[in-house]
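First chain A sits with chain B, and in the next complex the same chain sits with chain C.
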Partner chain A sequence: MSASYRVAMAAAESRPRRLSRWREDHDRFVGFLLLMPLVALILGLTVYPIGQVMHLSMQQQGLFSTEQTFVGLANFQNVLEHEAFTRSVKNSFTFAFGSLSLQMAIGLAVALLLNRQFPLRTPIRGAMLFSYLVPYVVAALTWRFMFSDATGILNYFIRASGLPIAPSPFGSIDWSMFGVIMVNTWKNFPFMVLVFLAQLQTIDQELYEAAAVDGATTFQQFWNITLPSLLPIMLVVGMLRTIWNFNNFEVVFLLTQGGPLGRTETLPLLIYRFVFGEFSLGRGAALAVIVFGILVSMSIVYWILYERMQDRLR
Partner chain B sequence: MTYLSPGARRFEQAILMLGALTVLLIVLLPLVWMLFASFKPNTELFQRPPQFLPQRWTLEHYVELWNFTTFPRYFLNTFLVAGIACVLGLIISLCSVYAVTRFQFIGARPFTFGVLFIYMLPPILLALPFFRIWFNLGQLNSLPALAVTYLTITLPFSLWILRPYIEAIPRALEEAAMIDGCTRFRAFRKVIVPQAWPGIIATFVFTFVVVWNELLYSLVLISDEPKRTVSLGIASLILETSVYSWGLVNAAGVLATVPVLFLFALVTRHMVAGLGAGAVKG
Partner chain C sequence: MQRRSLLVATLLLASALAGPAWTQGIDTVRFLSQETDPDVVRVQRAWVEKFVTENPGTDIILESAPNTVINQRIATYVQAGATLDVIHSDPGSSARLAAAGLLAPLDDVVERLGGRDGFLRNRLLIVDDKVYALNQSAGIPQFHYRKDLFEAAGLQPPTNWEELLHAAKTLHSDEVAGIALAGGENRMTTIMATIFVWQNCHDLFDENLNLLMDHERTAEAAAMYAELLKYAPPDAVSWAFQEPIESFWSGRAAMVLYWHALDLTYRQNPALIEKVGIGPVVGNRMKATQMGARNIGVFAKSPTLETGKKWIEFMFTPANAAKLTEVSPQLYPPATKAAMAALKGSEAGSMKAFGDLLFNVHWAADPYAISEILHAGAVDRETCTIRETNVVNPYVSVLWNSNLYARAIQKIAYEGADPAAAVAEAHRLLQEQIDLAKAELAKQ
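After this line comes the complex of A and B, so read on.
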């Protein structure tokens, strides 16, 4: 091979390889086509339904009828004055934040525990997720079964031990809210463990060693190293879980259906009752819009907290 | 770190393990209790005091569930609906994530990731208009309509899980293929899909499990008995009859749990296989 040929080859190779102009335009068009189905589906599956809810919230309409009458904000007024509304708002907040604080506390404790070295740690970590993975119906059925009057094992033990707890909490006026919060915590705390564990593993171990050398106690190490590094993620999952708890329909519906006497009727259940129990589409839609407003305001509060904390950590 | 004598160290480890096992017991006992109850004959279910293990193991509840209820049909329905919703969601999000990471469109990025916002919506808020939409189209009680509705769950989920996998694939890899004469589509099929395969499997499993576990949409949209999903079937057993056969319900619960745990066991193995490692050198 001649030297000049080699030089020519090298020059050709060093020239930036790019696609022709035509191919680039064609390419962008392909990219555009690839994105279209998503755009169409989002419009059809979220934007349109949300628009529908807004529209429905201002109509008077039966569930199975096609007749609509525009009633303005009458549905909203109707909902706000409904005897169950204030109670449901209270129930929803009790359920969401009661579950959240238990899930957080237990999740954090278990994550700290599982972050230590001990035999069988990996399989235990894996099996810990089981309650999070099973369907809500399964969680509900096994807890109902364990508390049921004729067959329940927990029911039996509570009766036999004489503890001052209702043997079937889901039917008890005083204990039903505690019961649904407990099952929701059992079901969802592994999610917290998962997230906290991942975050704990990013903390530099040398920090602890340096602190130990300086004579910091275990609690001081936790307070000054572990907790600050967990705080941002705690706020993020805190927000997610608050919203998910707030939106949760399955736990309460399957365990108590909002009863007894509305003691556990949260907002999603009230919407369900308005629409599918009382066949009033307009009222249900109005309440859904209100719930949406509550969620947006809660997200904004969390967002402000998150920003503030980021500033302070900086 | 503090230095402990070997004895103290072993003691500490034992305490830690004991603590972890206690938590694990709380997680697992309700499920194990359900499992054992599903093998107990009816007389033992009502026995007081209750026994932990069945004294006489029996499959009668499973036989009854399989032969005398509509549950086999529910399982088929759920596999079908979840399968369609997951595969569709996967294909659409694969295309969109690819498009967004490889081309520049104004507003495409915020749009695609704004889809995550759907997550924040109360499911009941969407269930309501969907009921109306499918009612107007005469598609209540239709499994395909249910599958399309489930796209509201599978799409954001798939986008969220797939994105890091696709973003991690070096552009040099497909550009090399295209310079060698591959079309964009062929490069996508031959380079991107195999590279993102672990992500695709993981996405499929996660979304499948979420749809498998879902109750609200099927509760609202399906009322025909033979068209129920597994979750709805169990929910109806729990809610509609006041004196239910616990053996039957527990057996149904066990069968509804098995696919979920199986799929997750599968995915842990797949995640380990780091397929893309070392594909581009230098």
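After this line comes the complex of A and C, so read on.
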């Protein structure tokens, strides 16, 4: 084999390798280019606003002014010392986790029912989505109207029946938090139903059949088969709904505006109060940063729990 | 930095809307109005049509935002650096905007409308002897009462706190509440409760803008308001602007303290007016009520400042202003003596239906009306009389938006708190907020 032949062979062999490397580089470059719009969107719509809010949280700025003065952490100090802060944190957790518990419980119960075979199951599944499709404003105002002292049909029945509950929960010091949680639950439980129902349909029916043969009761089947299968998805939707409930502004604002006596004033309403009530963009931004921190911390906890759950299932 | 970051879309939208007009050489004025009542908006639209016809080369863009969001809308424009021309804002915000130097003086407009003397009481927002806004909606809250219920109970319209409380107690039942009074933690309750402070010969600010809330007379007024809430419907604890009047209209309450309780009633059910009476201004140590406002001003940096001023002048000419009053006489009383004169011979159905209630009872309450924005410390606490201090109070907006006095009343009414302690706490918290607002305003 001549030397020239070997060189020619080596060149012929390396050509596809070079070509393949060039292709890889090219593909990587194209992939990078294709990602760019998404990266730009995330930077522009998420990272930049968060950065702006963080910047604003260290400025003193009025609502009707574009002038800013750097004040360091003074806004955070003002927020933490504000009389409404501790109460709003407590209200936010009560609202978020109260809503979450009810949404999960009702969502799971309804999903289990809808997972069974019965006549008219499909239209009933569709109708169940109704409250989720209604806009927040419509839902909140409709509930408020139904409980109105002047014109509310539910208020009328409660008064006529003499039930030991407030005729209008939204105007009651003791019942207002329950009222806003109730409306938020009514509005959002179909989301849970959808997710749980989808997961329930992935569970192998043979597991239930085998358990039944072994003499397991319905509750034992639920406890040992259904619930473990649902737990990972429960954690994911639990995290999402916690964030959404925590950030919910519409329901509380439209029903009670945070009252009575601050009983339903959650952190988003307090941000609103700082900005549009006390005309301070800086304090509003500082509280928004605190809320962001709380939500990130909670997401991390959920994520750790989710990973542990996945490890156990593996 | 901030200007770029906040709602660039608003800027783009504003440019997109206004751009074509500018390129055609048309002076376009954006009129940001808080009016959403369809009948009143109809009047505004008719004004626009007439103005544009009379002033070729101009255009008015009418933009409505309810009073609950008007501040947000104005703030969005300011923060985005977008053009703002004529605004129809709440009085607290217009005082803040004027104090911050964002509004243009309107003295030339006032001169063309007959000078300051041609305007009725409390119609001009004056800072450093310059007029910055004109009050288009000088509504006065008064007690509106059901004549049939009062007659059946042998009661006369109340003139003082004792009679008021007696009437509310006497008329209160499971079916009908004694009084429709807002008890929510909001601006409505704050405004209504402030009236009781004035009636008790005290004020929440003095003429030097010092807070006076922590005082026995304020606590007495709060206790009186809380006592009246016992005879309000059970959900009054969450009521704001709309619910008291709904309750009264629906027949669930015997009395209501409100600015324009009869305007919509007239339009929807004229016969009801005869069944409703307007009581004299109530008092304790002195008679007093409030004067509401929807102030019209123009931004100093408006690119169409002169056309904006012309538009304001146009709205306040007696003939045009009278059209608005005829639609909503209690919410939009005349602002000038000339407009008042023009209305005397009005053939409008509303004017006739109200009969003597407007000229002789409702508008006649004007001398007892206090504008807390225009005259800080309007109550002379020595003589128990109303005075004109001409000190604009930009911190009323803090009082109204913090809702702390309303919360003190809630604590007294629903938690049985000691009035003096509740009011003292509200004072302390409000003082902190006012100090912050003062610091922010001082920088501007």
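Operating definition for what follows: the second predicted complex is superposed on the first by the 272 of 314 C-alpha atoms of A that agree within 3 Å, B and C clash if a C-alpha of one lies under 4 Å from a C-alpha of the other, contacts with A are read in each partner's own complex, and residues count from 1 in each chain.
Please note the rule applied: contacts are C-beta pairs under 8 Å (C-beta built on N, C-alpha and C of every residue); 3 or more make two chains touch, one makes a residue touch a chain.
The structure displayed is predicted, hence computed values, not measured ones.
In this superposed model built on chain A, chain B and chain C take up the same space, so to speak, and clash.
Between chain B and chain C, more residues of chain A are touched by B. In the superposition on chain A, A:Ile300 makes contact with neither chain B nor chain C.
Of the two partner chains placed around the shared chain by superposition, chain C is the only one that A:Glu83 touches, whereas chain B remains out of contact.
Of the two partner chains, both chain B and chain C are touched by A:Phe64. By the document's definition of touching, of the two partners only chain B reaches A:Pro135; chain C does not. Judged by the touch definition given at the top, the superposed model places A:Gln257 against both chain B and chain C. By the document's definition of touching, both partners, chain B and chain C, reach A:Thr151.
In the superposed model, A:Pro167 makes contact with chain C only, not with chain B.
Of the two partner chains placed by superposition, chain B and chain C are both touched by A:Gln52.
By the touch criterion stated above, A:Gly277 is placed in contact with chain C alone, chain B being left untouched. Taking the listed stretches 7-15, 151-159 or 223-231 of chain C in turn, the superposition on chain A shows a clash with chain B for 7-15 alone.
The interface of chain A with chain B overlaps its interface with chain C at residues 48-49, 52, 56, 63-64, 66, 148, 150-151, 257, 276, 281.
Only residues 48-49, 52, 55-56, 60-69, 78, 83, 147-151, 155, 159, 166-168, 170-173, 176, 256-262, 273, 276-281 of chain A touch chain C when the two sit together in their complex.
On the chain A side of its complex with chain B, the touching residues are 17, 19, 27-28, 30-32, 34-35, 37-39, 41-42, 45-46, 48-50, 52-53, 56, 63-64, 66, 110, 113-114, 116-121, 124, 126-131, 133-146, 148, 150-153, 156, 160, 186, 190, 208-209, 212, 243, 246-247, 249-250, 253-254, 257, 268, 271-272, 275-276, 281, 284-285, 288, 291-292, 295, 299. Those residues of chain B whose C-beta lies close enough to touch chain A in the complex are 1-2, 13, 16-17, 19-21, 23-24, 26-28, 30-31, 33-34, 37, 45-46, 48-50, 92-93, 95-96, 98-100, 102-103, 105, 108, 111-112, 115, 118, 120-126, 128-133, 135-136, 148-149, 151-152, 155, 159, 175, 178-179, 184-185, 209, 212-213, 215-216, 220, 230-231, 234-235, 238-239, 246, 249-250, 253, 256-257, 260-261, 264, 268. Those residues of chain C whose C-beta lies close enough to touch chain A in the complex are 1-3, 5, 71-72, 74-75, 78-79, 81, 93, 96-97, 100, 102, 174, 177, 183-186, 233-240, 243, 246-247, 249-250, 252, 397-398, 401-403, 407, 410-411, 414-415, 429, 433, 436-437, 439-441, 443-444.
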